[in-house]
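Notes follow the structure.
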Amino acid sequence: MKDIDSVIKDIKNLKIQGAEDVALSSVEAFRNSVKPDSNDMEKLKGYAEKLISSRPTEPFLRNCISYIQRSFDKEGDDILNSCDYVIDHIKDSRKLIVNIGENKIHDGMSIFTHCHSSTVVSILKTARDQTKDFVVYNTETRPVFQGRTTAKELADYGIKVYHMIDSAGRIGIKKADIVLIGCDAITSEGRVINKIGSELFAEIARKYDVPFYVCTDSWKLDPASVFGFDEEIEQRNPHEIWDKSPKNVTIFNPAFEIVNPDIVTGIISEIGVYKPELFVNEVQEKYPFLFLNQKI
Amino acid sequence: MKDIDSVIKDIKNLKIQGAEDVALSSVEAFRNSVKPDSNDMEKLKGYAEKLISSRPTEPFLRNCISYIQRSFDKEGDDILNSCDYVIDHIKDSRKLIVNIGENKIHDGMSIFTHCHSSTVVSILKTARDQTKDFVVYNTETRPVFQGRTTAKELADYGIKVYHMIDSAGRIGIKKADIVLIGCDAITSEGRVINKIGSELFAEIARKYDVPFYVCTDSWKLDPASVFGFDEEIEQRNPHEIWDKSPKNVTIFNPAFEIVNPDIVTGIISEIGVYKPELFVNEVQEKYPFLFLNQKI
Amino acid sequence: MKDIDSVIKDIKNLKIQGAEDVALSSVEAFRNSVKPDSNDMEKLKGYAEKLISSRPTEPFLRNCISYIQRSFDKEGDDILNSCDYVIDHIKDSRKLIVNIGENKIHDGMSIFTHCHSSTVVSILKTARDQTKDFVVYNTETRPVFQGRTTAKELADYGIKVYHMIDSAGRIGIKKADIVLIGCDAITSEGRVINKIGSELFAEIARKYDVPFYVCTDSWKLDPASVFGFDEEIEQRNPHEIWDKSPKNVTIFNPAFEIVNPDIVTGIISEIGVYKPELFVNEVQEKYPFLFLNQKI
Amino acid sequence: MKDIDSVIKDIKNLKIQGAEDVALSSVEAFRNSVKPDSNDMEKLKGYAEKLISSRPTEPFLRNCISYIQRSFDKEGDDILNSCDYVIDHIKDSRKLIVNIGENKIHDGMSIFTHCHSSTVVSILKTARDQTKDFVVYNTETRPVFQGRTTAKELADYGIKVYHMIDSAGRIGIKKADIVLIGCDAITSEGRVINKIGSELFAEIARKYDVPFYVCTDSWKLDPASVFGFDEEIEQRNPHEIWDKSPKNVTIFNPAFEIVNPDIVTGIISEIGVYKPELFVNEVQEKYPFLFLNQKI
Amino acid sequence: MKDIDSVIKDIKNLKIQGAEDVALSSVEAFRNSVKPDSNDMEKLKGYAEKLISSRPTEPFLRNCISYIQRSFDKEGDDILNSCDYVIDHIKDSRKLIVNIGENKIHDGMSIFTHCHSSTVVSILKTARDQTKDFVVYNTETRPVFQGRTTAKELADYGIKVYHMIDSAGRIGIKKADIVLIGCDAITSEGRVINKIGSELFAEIARKYDVPFYVCTDSWKLDPASVFGFDEEIEQRNPHEIWDKSPKNVTIFNPAFEIVNPDIVTGIISEIGVYKPELFVNEVQEKYPFLFLNQKI
Amino acid sequence: MKDIDSVIKDIKNLKIQGAEDVALSSVEAFRNSVKPDSNDMEKLKGYAEKLISSRPTEPFLRNCISYIQRSFDKEGDDILNSCDYVIDHIKDSRKLIVNIGENKIHDGMSIFTHCHSSTVVSILKTARDQTKDFVVYNTETRPVFQGRTTAKELADYGIKVYHMIDSAGRIGIKKADIVLIGCDAITSEGRVINKIGSELFAEIARKYDVPFYVCTDSWKLDPASVFGFDEEIEQRNPHEIWDKSPKNVTIFNPAFEIVNPDIVTGIISEIGVYKPELFVNEVQEKYPFLFLNQKI
């Protein structure tokens, strides 16, 4: 089991990737430094802050840690219990989402996906396990080609993949029966934040009347958005796009874009399949503690 | 001056690129093998066929050569004259298009372009020569990054360039006052065939009400389209996209897509600036010989 | 009072039609075979299954029966009570929906409807009872001309009806102030499943900015959709469309299509008038038992 | 050879159908009553008027007869020649349109059509003759089921047909690679008038980016539209829709609707394939006599 | 402190304007006529009715008064308490909305607004207090030029304003990063009723992908809309538009139009930022008493 | 008959208004200073330049004067003849346009118009002369209320007018069967330049499928646009919008906006009714001299 500092290091150098894996490793490392009885609370508080600030724009990690923070004025056992609750939530949700999402896959389907989402990949593999017969269209997803990871994982699992550049994605969507993508964050207005290109493909899916589903743990909802705080769109390193760009050339490298809820058919999470607006409500009802202590 | 075979070789290995340069080199090489008096007409006919078949899907080269072919039953001098006519057309048109297109650039503008078009680059450089003050947004244009060539040429000329991945192109278009792109072919229905992504960006430009101009020599109109012959969309080598793609992954690599005329603001050619429908008519009136001897 | 087998027979040969009437007859027949004290539970369970499977794709009947099934481990009186609860629900809701929907009709209005919905017809008749002055545009609704039933029932009640073929429905919508249609099922994503043509007319209504309302008992929400189970679109008998179609001709006869919630102005049900997303939530809050024991 | 009165009778009772057959029979009958030398010109003028008024809203017949009328102040031989010119035009155009249109059909295609157009059917049969492999989606086309005629003729010719009700036409268009329809009239604004439903399907084709072609003799252009005269939309007999409709029910039965040129990919006529705007120009240039003597 | 009759007079002659100020003055005046112990209840009931009918189409005032009416069968102290609750609600909400809305304003932004909303003005002033750097585009808002009030208040506060006629509003929206408007009423379907022009600008904002926020106290939700009662669109005095319009000219002067929820990014109220559909639910949960005693 | 200087003065202070009246007065004044035999050509050239520069952005006046300029190297009689040609063109076209346009008006129609166009008013009055029964919806057209002039002229002529503010124009269009507007300039791309608001209303007309016609003399086509010269959008005096606007408020007052040809149903001019693309071609063919001597 890694300690907190090495987990943070692995997060920063991308050895640990994906919001769920980042959160799971963080909470496990944190749990490891908690004692069942008395604790150095200043140290624990510092750890919590440090973990949150390793991914400042990611609501999932923040929600996980802040759940634990709410037990800081209780006993050591309570803190351990709250860590366990979070760990169980992550693991159980993963299974539920895959089982629910898998119901959306039927024989003969063409599925479109963009970028790499471990949730989407798991759904497709599970559908394959059940001998469902389908094909996948996917984009390479510039700048760092996560689409190749998706293509490779699916192809290695025996799923037929058609792979194309991002600007040809429309061809894939036109042939698709359903679009499945992952998610980085969701706001209280039901807006879905995901890899650059997602809004573009959502609009194309709406034009061609292809249902568009977002597959995600419900804790990616950002409680601060209720009070008007906007997700900041991360600008990533220009070198991802062009290593030695000439003078006079400025590189734009936004990591994400925002999908409006009216063009999202549904969010597939561990609490069910709902339109984004209703999804937000279901999260508020099922996990009210996520919304406690928010500041305006 | 190269001979026909080495020109064809250079076309095939892409040492000679761009429809205009391909045609110019081809016609110059052909002219070189014509004698002022008597000619071995079988040999010349063979050359003409060979050149046309070096780029079977490109109407510009075909139109240039077929103009010359129409003089094959005349004297050697006539054949030379028809070669000169074509060479002059290519060179004169280039200047005219740039002069006309340059009128569309005004101080303070943001211009969006996709892929690499030597005509668009020349327009922008000429505008810069006239000390017009503007910036350019451009895409990298996967799979072979022609957008980098565009960015580099413009930046080297002192023009400020903002460069982005294809799926972020919408951000550039939203900020742009005008879109300028090149062209591979135009049909009698006014449909413009250009690099994959062009239709996507044309639709986005229409959505955001940004005028969308196609900059091209008017001889890219395909006369065969009058009789219902469709341009075939070239499928290029999968290795351009992913060098060693895994088994079970099929690569789609269409070179082009088709832009409908109702979302093209105008075609800027040597005969003026016209909507595609009217452009087709103007070409028919100005160059009626292009449409002779077409077969249904 | 009919017994279960004759009710099922009448459902299958369409002597009993319309989701509400089907459910009411089924529950009444079931109630008839329940005794106040001890019951042969295996027999009752068999009846329940049999009734559900008489209309396997219809959530309304399924919801009604499964409410009763939840009392199967209790006393005979409890089972009778649960039957009565369902019967009362159906009857009371009918009145409430009509009263609420009637508020949407104003003097001078033109109302468009498609197919035949007894709820919509009742709303219009009630508005007429209150001497409201309005006209109705309706489609004939191929293949089985349910629109004629609608037109006849309304005209016989003294309401002026303009009747047209389905592909001319746009003319009616353009003149209409409001669209009212019925409903076969609603999913947790707020998607409304109704007679083929409904999505088409919903999109036209949105284009022409005509409010589009779905009138329905709220129990048509399918609880299984929360867990990703899709409504299957029934393919009906080709003979409905063309009795003796030639060899080499395949008939498509989908019964339904799916309307996305963003183009539905509201669902008028016994619990009020809500956008589909919110409607789903209100049903979950008011009738939580509908969602019990669902399997993923 | 029938005389003029029996031709007019056959037109009115629909024994002769389709704009081209109506015109051909009319001109042949007229020719029959012309003598090579001297003629009773009052009688001939009366015949011409009578024929035109047998189909007052049809520009094709009107254009054919008015071509002949222009020779009324010349010799009998000239009148016969002008009849022959028209007869040849109709027959030659028919072949040319089919040959051009057939170029649009490729192996593996799905083609959507609505109503019955003998031109479209001929194009498809000719493609089939050339062993092209394709399938057809078509609508039944209420109220008089002309789509069944289309389906039957194609199926009998060995072409696979998928047949559906009009309000399910969207499903067919979504699967189609191209839409081909016929035409009743075209205005100087490039607006295409065709069977009710055509505009609806043109808009759906545009939404799904399926090219939409109108197949027609170019003489269906109405020269009076240049001067602002609108085509009147014929209201046909209500009994076509509902034989014994109840009191209080008014039947709308418009025969046609108008397709805007921006959503028509091209008009396939004997003069080539052009966007409607350009088509109008080509007709004016090729057949200037059609536009003579028009009154404002 | 004014008495009820003079408050009603000031409301009618527009000395008191804006839904919040109208309600605050009304409740304060009402409170003034309540005694802590015994009251002449008939008089109080009369006052309540009188106040409500001073603005019959305004749900905010109605909701405030009807909250108080619910205490009419209790003691005088309870009535005073319910008045205080309403007064506190209005004042506290005002601060909360401003604080939440202010979070949406970032440095470098352009904000578009239409008409005059004291809530929007307060949000912008508060953002300015925090030294945020932004500019505002606003319309003059015919017929009574409330946009000039907005422009003046902001400009006097040191905010840069670009001002334009209503039909040029599109230019402002195209340059804007966010649209903020006020609100007169919201229905249970999530439809927002606001000054004429609001729907137009909401659709333009959606086209240009500019987030569109409605800033309002949540009590503007009309509980009667749950039962199908439509907000009536007030037709105002023609003289507002044209003082001495000629005979034969009829003036249309609708005060409001209705914005569909799918094109509203979010409603910013004291309970947070939510899509309209979810907003309705949150109001129902937080203030269930607003929905009591509603009649169908 | 006024002299040139007083005509120019009247143009500048708007005593002479409307492109046609401006041109007519200018040419008549110019004609007045031409002698049948020998002329001081330097003086005439000066007059011509002076007139053109009195309305630098108006192609109609420029086209009229430049027609005359082409006769400057001929005899005095020729110059007079060319003046007469222009005067006749203006007067004859006016009648033709009205006669053609009037054909578009039918009994029972609702017509929408924006701003004031003497051509549109004449068409409507002529339709009224022929006892056609119709009503007109029109906007007030801020900032200088030209819509009131339109309303008054029509109402005084006995035509029923419904008048509304610009931001309510959508209500009028939704009820209209046809939209008629005037025109300031047309480019070679078929783009129509007219009063601010025109593009907005053209898009709304397209959404609601209401045919949108531009009524104009064909000489408003700007020949310089063929070579890429853009019409400059005039920014008018801020005082037209707000007389004493506060400090910190900048007024935008663009006079015109540009309507794309794909949403213009037709241009009604003296040469007939054509889509803008075809209109440009017809002008080039009918008046080739307008395009002579243009500079790139």
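A few remarks follow.
Order as written gives the chain letters A, B, C, D, E and F; numbering starts at 1 within each chain.
Here is the rule we go by: a residue touches a chain if its C-beta (ideal position, glycine included) is under 8 Å from a C-beta of that chain, and two chains touch if they have at least 3 such contacts.
Computed from a predicted structure; not experimentally measured.
Minimum number of contact steps separating subunit A from subunit F: 2. By number of C-beta pairs in contact, A-E leads over the other of B-E and A-E. When subunit C is laid over subunit F using CA atoms, the rotation angle comes to 180 degrees (nearest 5). Computed centre separation for the pair subunit D/subunit E is 57 angstrom, with centres defined by C-alpha atoms.
In this assembly, the C-alpha centroid of subunit B lies 38 Å from the C-alpha centroid of subunit F. For the pair subunit C and subunit D, the distance between C-alpha centroids works out to 43 Å. Among the residues of subunit C, those touching two or more other chains are numbered 262, 277-278, 281. Inter-chain contacts occur between A-B, A-C, A-D, A-E, B-D, B-E, B-F, C-D, C-E, C-F, D-F, E-F. Put simply, subunit D touches subunit C in their complex at residues 139-143, 148, 151-152, 154-156, 158-172, 196-197, 199-200, 241-242, 245-254, 257.
Residues of subunit B that touch subunit E in their complex: 174, 207-209.
Those residues of subunit A lying in contact with subunit E across their complex are 187-191, 225-230, 260-262, 276-278, 280-281, 296. Those residues of subunit E lying in contact with subunit A across their complex are 96, 99-104, 106, 262-263, 265-266, 268, 272-275, 277-278, 281-282.
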